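Shown below is the structure under consideration.
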Amino acid sequence: MMTRARPSPIAWLVAPAALLFVLFFVLPFGVMAVMSFYSGNPVTNPNAFATTRHYERFIFDTAGIYHDALWATLRIGLITTIVSLLIGYPLAHWMARMQSRLGHALVLMAVIAPMLTGIVVRTFAWMTILQDKGVINTLLIQWGFADKPLPLMYNEFGTVVALVHIYVPFMVLTLTGVIGRIDERLEQAARSLGAGRLRAFAEVTLPLSLPGILAGSLLVFALSISAYVTPSLMGGTNVLTLPMLIAQQVGTSFNPNFAGALGVVLLLVSLAIVIAYNRILARLSGEQGMA
Amino acid sequence: MSARQKAMVNKHPFDAGRAAYLALNTLLLTFLLAPIAIVLVFALNPTPYISFPPVGVSLRWFEKFFAGTEFMNALWLSLWIAGVVLVLSVLIGGACALALARGNLPGRSSLTAFFMSPLMLPAILTGLALFQAYLLSGIGRPVWGLILAHTLVAVPYVIRTTLAVLHNFDRRIEEAAAVLGASPARVFFEVTLPLIRPGVFAGGVFAFIVSFDQFPVSLFLVVPKGETLPVVLFNYMKFDLDGAIAAASMVSILLALSVVLVLERLIGLKAYVKL
Amino acid sequence: MISRHMISRRTALRTGAGLAAVAAVGAPSILHAQTKTLKITTWGGKWGEVMKATVLPAFEKEFKCTVSADQAFPFVPKLQASSKTDPIYDVLHTNSNEQWNSLTEGLVMAKITAKEVPNVADVYPYAVSDKIVGVTIFTSAIGLGYRTDKGLAKPTSWKDLADPKLAGARGGYIIPVNSLGQCHLMMLGKVYGKGLTDLDAAYKALEALKPIKLVDFTGQMEKMLLSGEVSMGVIHDSGVYRYDGPNMQPVDFASPSEGVLALEQVLNVTPGSKVKELAFAYIDYMLRPDVQKLLAEAVWYSPANTKVKLDAKYDAKLLTTPAKVATLIQPDWKWYNARKEDIDARVTKILKG
């Protein structure tokens, strides 16, 4: 148990990251956050004045779409995270426990390949699979399992599928290291004491892999609530998330001030969730929480 | 057969449970790889639009890709930028993770959340914010600006994975080495570093991929003739949706996979399993 | 406002100094520093290919400059963020709606006449009408694309899109992000109501079009039609005709009787540009009949210059006579942009289902 001692010299290693973040993150976003309180760009536009109307626009939501967008964002993020975990854990476990170096390398390639397809092409691949004339529907109808195409695209389902596909590799790679470090002999000890394979897993390996689960879930959640290219291409207008709104405001409404305000809202909400998540789970699993 | 190989053979008895486990994982792998198989089919399909079922096999899209200097230049640019970002983020992120895990910093959990924040913001905002900042400060849009922007979004991954490994770390090994007379520096380089290497490697792989596949941030920060591959592909696709982007995608997958494979050989993710 | 005379002299001096420097040292870097750079924006795809391969190098050679062409869309946010006295672009190439947006922010010039760009004297009236900010160099016609193999009659009216038989097999756009979608909305107001500005009628008609598949940009609509995912969709003529050739599919374009909307390619110059004369020369160059013919035939755009003679197969389908051009309807983008936020919110609610 570490007592709250004075910072050790190792603490200085945080300096490069801190410098990078202050210069390239805090300052630019600070500027953007300030601009979210203006009607225009005060540097290039002498007519810009200070206002809270961007925030009012979101909070009062007379248009009726902004609050929905926030909930949609969080909902899609949550579902994506859970599904990614369910898919990613078995794969990570398999990879971590694999004996052959070749097999391990092959599975690693297979897991990483989706991340490398490129955001654009990957979405079009999913379109081919999920759309009405796509692979799944064509096969389902041909084999008689359905008489009309299932709506698998241009809705939340398609968006979640595509997002999960992108983020499972992140989950797997985060989990596989942690699972790999869990000594297999601990499981074997439990088995030799009479526990079945599943029970040994559930009571030994699973709890020990909790830090990885937390790290992976946080990562995927953070990523999925900031995604906008994939939901735009996969969701039609059925899906409108806050990042999509932000992208629209920047790219077609040319209102970077409102976009900045939405960004601030998104960041605050996400940080609140992340910090709460961390605290709750730290308490639940004693000192095992990822502090 | 060596004793070790014998032990390996006996480790996983093949029964119904094991079969189910393997079947599940194979199914999940299929989910991951299906879209890539589709991309390959597009890349070889002669029609200039994406459809199923495919009508034939043709190499015209690969020819178009290799003949066009724009795609190739963008590919090489993306690759070397990703390489630089990999090195930078591993150094910066690895150091940061060590500081967070071992340095007894005040407000550790808030700091960790802070370092994760670039992930939570839509990258289009990051791109715009940096673009505005670069223009305001007169930096313009040099390549190093793009590289540092990528590093910013890549560092959180390295921090995450390294922290995860550091957490399960048995400090007594380091203490043992120190007791045996090793200096702190030596303990670090010969004991700690090799043991956290797999976590750092995983983070490095992320960093490479995140940079290589980075789109929204690059969108604002690239200059004409200095566009990265995702930007070129997206803008191509807006006007011409044909197999060329599928061919480009296949080539970049293969190249990036080779890089990852080389890294794996050199550094070894497999080292995870030991100890 | 600096007079053209002074600019010419400065140009001559600079070019002269540049040539002298080259003669003296001959280093390529010095030559590069002395030639002017024109920063433009351009589309990608086939258009971008033709520009980079043929049009831009020829321009660079004739005008002894370097052209730096940004292909990374979107362009207006970047222009917005750059300073007005040192804009990131000299020439902005966008559709008409974005030019109007840019004008509101003072990012582009309000009017360009034949004085700055001589070839403006030869263009159709629509190219420099009061609905246009800048100079139109090409246009397309927004109408209905449809599959000829689904037993559909060639559509004659915009109302044909609402045919119940087409439920779930028709295509439209995500209106907040796509100008064809915005044009379509306004057209619904005209066809079902009192005119292009009758939003209430338009919203009602939009509701009646559900279920409809919505996409972000025209490329996706083209693919939906080609793969049969939709049987009819809102699209511009270029998006259907450009697939002419060995991969021709049973897709055709119909110009509804109520009229087709104009999707203009508009060029404009930024007020803060340091190479205005060169920028005007570029626009003039893009209006030259030979350049117009090359690009029009590459991507099936209708040229704005009346003096362009296209090959027969292009001439038949594109808008190359005053009569055909008269069918073009130019929306009032100033009016639309002022209401865009409200319209975006409203249509999002309607189409979310």
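In order of appearance the chains are A, B and C, and numbering begins at 1 in each one.
Assume a residue touches a chain if its C-beta (ideal position, glycine included) is under 8 Å from a C-beta of that chain, and two chains touch if they have at least 3 such contacts.
In this text, all values refer to a predicted model and were calculated from it rather than measured experimentally.
Colleague: So which one's got more C-beta contacts, A-B or A-C?
Modeller: Between the chain pairs A-B and A-C, A-B carries more contacts.
Colleague: Quick one: point me to the chain whose Cα centre is farthest from that of chain A.
Modeller: Taking each chain's C-alpha mean as its centre, the farthest from chain A is C.
Colleague: Where the CA atoms of chain A average out and where those of chain C average out, how many Å apart are those spots?
Modeller: Here chain A and chain C have centroids separated by 37 Å.
Colleague: Any idea how many Å lie between the Cα centroids of chain A and chain B?
Modeller: Roughly 15 Å, centre to centre.
Colleague: For chain B, what residues touch not just one other chain but two or more?
Modeller: 50-52, 128, 132, 237, 241
Colleague: Which residues of chain C are in contact with two or more other chains?
Modeller: In chain C, residues 77, 81-83, 220, 227-228 touch at least two other chains, as defined above.
Colleague: Where does chain A touch two or more other chains at once, residue-wise?
Modeller: Correct list: 43, 133, 250-251, 256.
Colleague: In the complex formed with chain A, which residues of chain C make contact?
Modeller: Where chain C meets chain A, its residues are 74, 76-77, 80-84, 101, 105-106, 168, 174, 176-177, 213-216, 220, 227-229, 340-342, 344-349, 351-353.
Colleague: For chain B, which residues are in contact with chain C within the complex?
Modeller: 46-52, 68, 70, 128, 131-132, 135, 218-220, 222-225, 227, 231-232, 235-241
Colleague: Quick check: in the complex, which residue numbers of chain C touch chain B?
Modeller: The contact residues of chain C facing chain B are 39, 43-49, 52, 68-73, 77-78, 81-83, 88, 217, 219-220, 222-223, 226-228, 243, 247, 249.
Colleague: Would you tell me which residues of chain A are touching chain C in their complex?
Modeller: Listed in rising order, the residues are 40-41, 43-45, 63-65, 131-133, 154, 232-233, 236-238, 240, 248, 250-256.
Colleague: In their complex, what parts of chain A are in touch with chain B?
Modeller: Listed in rising order, the residues of chain A that touch chain B are 2, 4-8, 10-18, 20-21, 24-25, 27-29, 31-32, 43, 87, 90-91, 94, 96-97, 99, 101, 104-105, 107-122, 124-129, 133-135, 138, 165, 168-170, 173-174, 176-178, 180-182, 197-198, 208, 211-212, 215, 218-219, 222-223, 225-229, 242-243, 246-247, 250-251, 256, 259-260, 263, 266-267, 270-271, 274-275, 278-279, 282, 288, 290-291.
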